[in-house]
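First chain A sits with chain B, and in the next complex the same chain sits with chain C.
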Partner chain A sequence: MKHLVFILMFAAFAIRIADANEPVSIVVIVNPASGVDHLTRDEVIDIFLGRYRKLPSGRAALPIDVAESSAERERFYQLLVKKSPADMSSYWARLVFSGQTSPPFQVPDSKTALELVQSNPNAIAYVDRASVGPGVKVVLEIKP
Partner chain B sequence: MRRKTFASLSQSRRRGSLGKGLALIFLLGALFVLAATQTARAQDLEGHRFTLRGFGTLAATTQDARGFEFRRNVGQSKGVGSGDVELFTDSIAGLKLDLRLGPQLYFMSQAVTRLNAQGEWSPRVTQAFLRYSRDESLVLRVGRFGYDIYLLAESRQVGFSYLTVRPSADFYGMVTNDDIDGADISLTRRAGPGLVRARVFGGRGSDHTVFADGSIFGGHSKVYGTTLDYLYRGFTARAAYLQATYAGQAELAQLSDVLTASGVPASVAIGDELRGDQTSSGLQLGVAYDDGPLQAQILYGHILSESIAGPNIDAWYAQAGYRLGAWTPFLAGARSHDRKGIRSTGLPDIPELAPINGAVFGIQKNLRATQHTVTAGVRWDLSPRIDLKLQVDFTSLHDSSYSFDRRAVPGGDADMTVAALAVDFVF
Partner chain C sequence: MKSSPESRRRWFARFLPRSIVARTSLSILVLAVVMGLVFSVMASWRVRAAEHDRLIARVHELTATVESTVSIACFLNDATLAKEIAGGLMKNRIVAGVRITSGPKLLYSGGVVEAADGRAARIDAFPQTIYSPFDQKNEVGRVTLYVSSAEIEAQAAAYSRYTIWILSLQVSIVAAAVAFLVYLLVTRPIKGISDELHRLEIRSGMRLAWPSGNRKDEIGQLVLDVNGLIARLTDALANERDLRVAQEISERRMRLVFEKADTGILVLDARGAVQSSNPSFVRILGPGAALPGAKLDDLLRPHGPLVAELIESASAADEPREADMEVDLGPGRGKIWVELSVNRLGPNLLQGLVNDITERKRAEVAARELAARDPVTSLLNRRGIDAALVQVLERPIESRARPALLQIDLDHFKAVNDTHGHDAGDQVLRVVARVLERAVRRSDFVGRSGGDEFQVILAGVEQAAIALEIANKIIAGIAQPVDIGAGVLVQVGASVGIAMGSGEYEAPASFLRRADEAMYEAKQGGRGCARIAPAAVTEPEDSAAA
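Up next, the complex of A and B:
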């Protein structure tokens, strides 16, 4: 019995350590009225990299970026396309200065991104899983 | 005497360009400070009706081939001499103003200053167009805009957007301006896991090519073309076609008449080609990979001209870079090759006919493009908007007009090592 208690305590401790070390995943969110239940990783890449900004429901997609200095943004692009902030800046310089397309609409923080998605059926953003609030739908989870 | 005259002219040009050079340094410095200190301001403008952006490159370039002047492309009026360190070859600055007219309609404009064919730094409007797009799947543009010839970077003017200090002189050296006044339509559709994008464009182009004797060919052309891309994650595959037609020129028409009147078959054939409009076309095939730390591309270009007044070139370009933190070392190789030899008029080599033989030879010589280059360099990203690059190019010149051959007896193979240190920034 003593052994069982010890094993359970050890397991609980190990799980807590694992939880604490596991980086929070990023989720991609849309408005429930967008008509979209799920997006593939490729579709999200195409929307956020300005290649094809159309949701599978036929709606135009309005991608939202949080501030360039935010850790959330850095992690999102690192997980999505394995690109650093400098890489992304260089990527957009290619497209913006040739007039091909424009980067995602930029807001100061995740709270503003969340509010925009809640109020706009075309908006699509990324937030930490822990930040997901009511009035939005998770369509893709990107795990580290 | 001629040499003395040239030297004094060169000195007076140097004095004149000194002030312009300082003005460029001042402008680049101001833009650099903006890039370093006012990032937040540029961000604040995001989503507003006006967006002001800027870019620049301040680069010092040198080379070691005695008797040569290295040029970035054939549109530059002068090149870097052996042992000289010059700022004009790779330095450039530009401002871009975008005006949002509605949710789907934009007006975009851009002005760029760089060394032009006249040896000046006068700003040139490289973009001024209306852009309509509902969701990026269909994009319409009308006005002045750039056409797609760069696989990973649609604009060669924004050094920050690519790995190297400059687009390959061997592959892109013949392109002096990459914009047209016209219209284009781009259509993107999902195809399997990736995207297919087709683009058709047409309009009026403007070129200025500077030849070794200092003469400038400035001409307008009717340009049209199409590109077909397949994009899947980090992969981009492209097939592109472009055709440019220049209106017949009086000098070429006169030469054509003389050649045709000679009755010599070789001359008549060349004369027939030089009569009327001159058309060149280009085909480009390429694959690029840009995913994670690895960036690579391979390109093939084929330029075909209907007469001796245009280039007939095959060109290859390959490049790979791998990011290690803020550092990205890269390697590249390029080869440009003239498919045809220099044609003879078949006329006797006598003093009376020397002007005709010389003109036909000169036209062809001015368009030669046989050389190859191996490039090694490193890009260091100082911040998300500023980088520092060091690049060395080892070029073997066989028979090429990209660089000016100023040797006492021009001709013959030569090796040239070009080194450049550049700072790029965007804001």
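Up next, the complex of A and C:
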């Protein structure tokens, strides 16, 4: 039992090291029918942080966040605006009472987000580079 | 109205209390008020400036505080959030108004954002550029705080007033504490010493109490020193009192000596005026001596010049000068002899001693007379004759009267002596003496120089003839028979030599020799006769036989 715990801890450590050593890009994806081929970093920031909820094609944008505890979400915001999940919570909390804008729509995991983008031309989401599947279009790759 | 510094000071002093306690307290109080005022003015100016700076910094701080939220509001163009922020800012009294813009779009503008009256309510704008919360290089808006200068000034002034209050309170408390401490440590002990010293009686031997709180400091030292001085003063006073008593006793004793002395004691000045004298002086010289302004040379008449001379020489020398003098005290008292001794006491001051020596002088005269008399005949003896001769010959010649000396030698006296004895001889001598005394005037002198030789000195005769006449009268008288007792009569004779004085001075010895030579001539001439001696060598011839 003792040995098992030790092994698990070692494994977790090893995985973390593997993560750091092998950076994985985050990509922003949209529905191919959205009419958008490419987004700038600032445009992605404006959409996800609530400044403009419109795509350059004129279509309303529906940004999708994965669950707060997920690694993708943390890495996405870290890479995009250099903010931690706590910073982001604080940011949105300040806007709660003004009611003019709201956080992105939240889904449980990347798979759901992917499905949502595949089915909704307004949707815009982020996933690991490796998780990109068919039926979505990568409009921005954010490299670490 | 003129006001010299002196009078101004006096005018000012009228308002100062005299008590050291009140004066010290008042001084400290005045000093505290003045210093408090000075410090307050300085502090208020400084505090006001500092408070002003602080308020300005506060405005910047406020801006900094809301910067991140404003940044979000500008980023999202969120007017609601902007209003929220502005509302929070405006709760600060110094913030008069807020304006938040996001690019060209006005998110919020509220409160006083422009000067309504440029002068009375000046409004300062504090703008701050706002950057995106996600990109520090991306300018997303601007927030401007409007602050009323009047409000800032008022707040600074209020704070300054508050500071002055605190400062004044502090200075007052410190002043009160200092005044109290000075009173406790310095003024009260000094006042205590001062009061005690004021009541102190040196004679009673009182001492100052040693203040318990100040034993080791200067006040304790002061008390010790004062007590030391008092002790020395008391000793000095006691000494002086003893000395005075001793001096009084001594003075009384001296006075007693002075009063009771038989010697007349006086103090006189260089002019001979009597300054003071004792009772004996008055007793000796009479009541005139007690009169004020009596002069010694007047009192000792007729010896004024001698007295003046004594005074002068005693003043010059430091030795006593003395002289005997016979003083005429006028009717009643007659003549007395006094001995005057003059001693220098100081400049222009002399001491005189006057002794009545009349008795002594009388005894002296009696003794001298005794020594000058022949005990058998009571006539002058040889010494007496010499003295009389000196006196007569040295007397100044005033008229034509001249002295004359009669040298008388008895004839046949040896026979009487041999036949009838010495007593009979003495008897004859006494009878002869009476004959001679009867033959001359009282001013003349009669003496026996020894054996059967007699001398008669005529004080003054105008002519030799008169001397001769007297000589003959003497010869006749002596020739009378003498009863020597038991009815026995004896007879002697006399030979006389006469020397006449001239106008010039002649030595007594020469005078005697001339008379003697004349007497021998008379004896050789047959006895019982008189011869006149030739004049002295210097004298022109004036002699003649009887």
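One rule holds for everything that comes next: the second predicted complex is superposed on the first by the 124 of 144 C-alpha atoms of A that agree within 3 Å, B and C clash if a C-alpha of one lies under 4 Å from a C-alpha of the other, contacts with A are read in each partner's own complex, and residues count from 1 in each chain.
Criterion: a residue touches a chain if its C-beta (ideal position, glycine included) is under 8 Å from a C-beta of that chain, and two chains touch if they have at least 3 such contacts.
From a predicted model like this one, the values you see are computed outputs, not experimental measurements.
Clashing of chain B with chain C is the outcome of superposition onto chain A.
In the superposition on chain A, A:T101 contacts both chain B and chain C. In the superposition on chain A, A:K137 contacts neither chain B nor chain C. More residues of chain A are in touch with B than with the other of chain B and chain C. With both structures placed on the common chain, the touch criterion links A:P85 to chain B but leaves chain C unconnected. Residue contacts after overlaying the shared chain place A:R51 against chain B and chain C alike. In the superposition on chain A, A:A93 makes contact with chain B only, while chain C stays out of contact range.
Among the listed stretches 261-269, 279-287, 351-359 or 387-395 of chain B, only 279-287 clashes with chain C once the two complexes are superposed.
42, 45, 50-51, 81-83, 91, 94-95, 97-101 are the residues of chain A that lie in the contact sets of both chain B and chain C, per the superposition on chain A. Contacts from chain C toward chain A in the complex involve residues 69, 72, 75-81, 84, 133-135. Interface residues of chain B, counted against chain A in their complex, comprise 39, 43, 46-47, 53, 55, 94, 96, 98, 106, 108, 110, 127, 129, 131, 133-137, 139, 141, 145-146, 152-155, 157-158, 160-162, 188, 190, 193-195, 197, 231-234, 290-293, 323, 326, 381, 383-385, 387, 426. Chain contact summary for the complex, chain A toward chain B: residues 42, 45-46, 50-54, 60-61, 67-68, 81-91, 93-103, 105-106.
Taken together, the chain A residues at the contact with chain C in this complex read 42, 45, 49-51, 80-83, 91, 94-95, 97-101.
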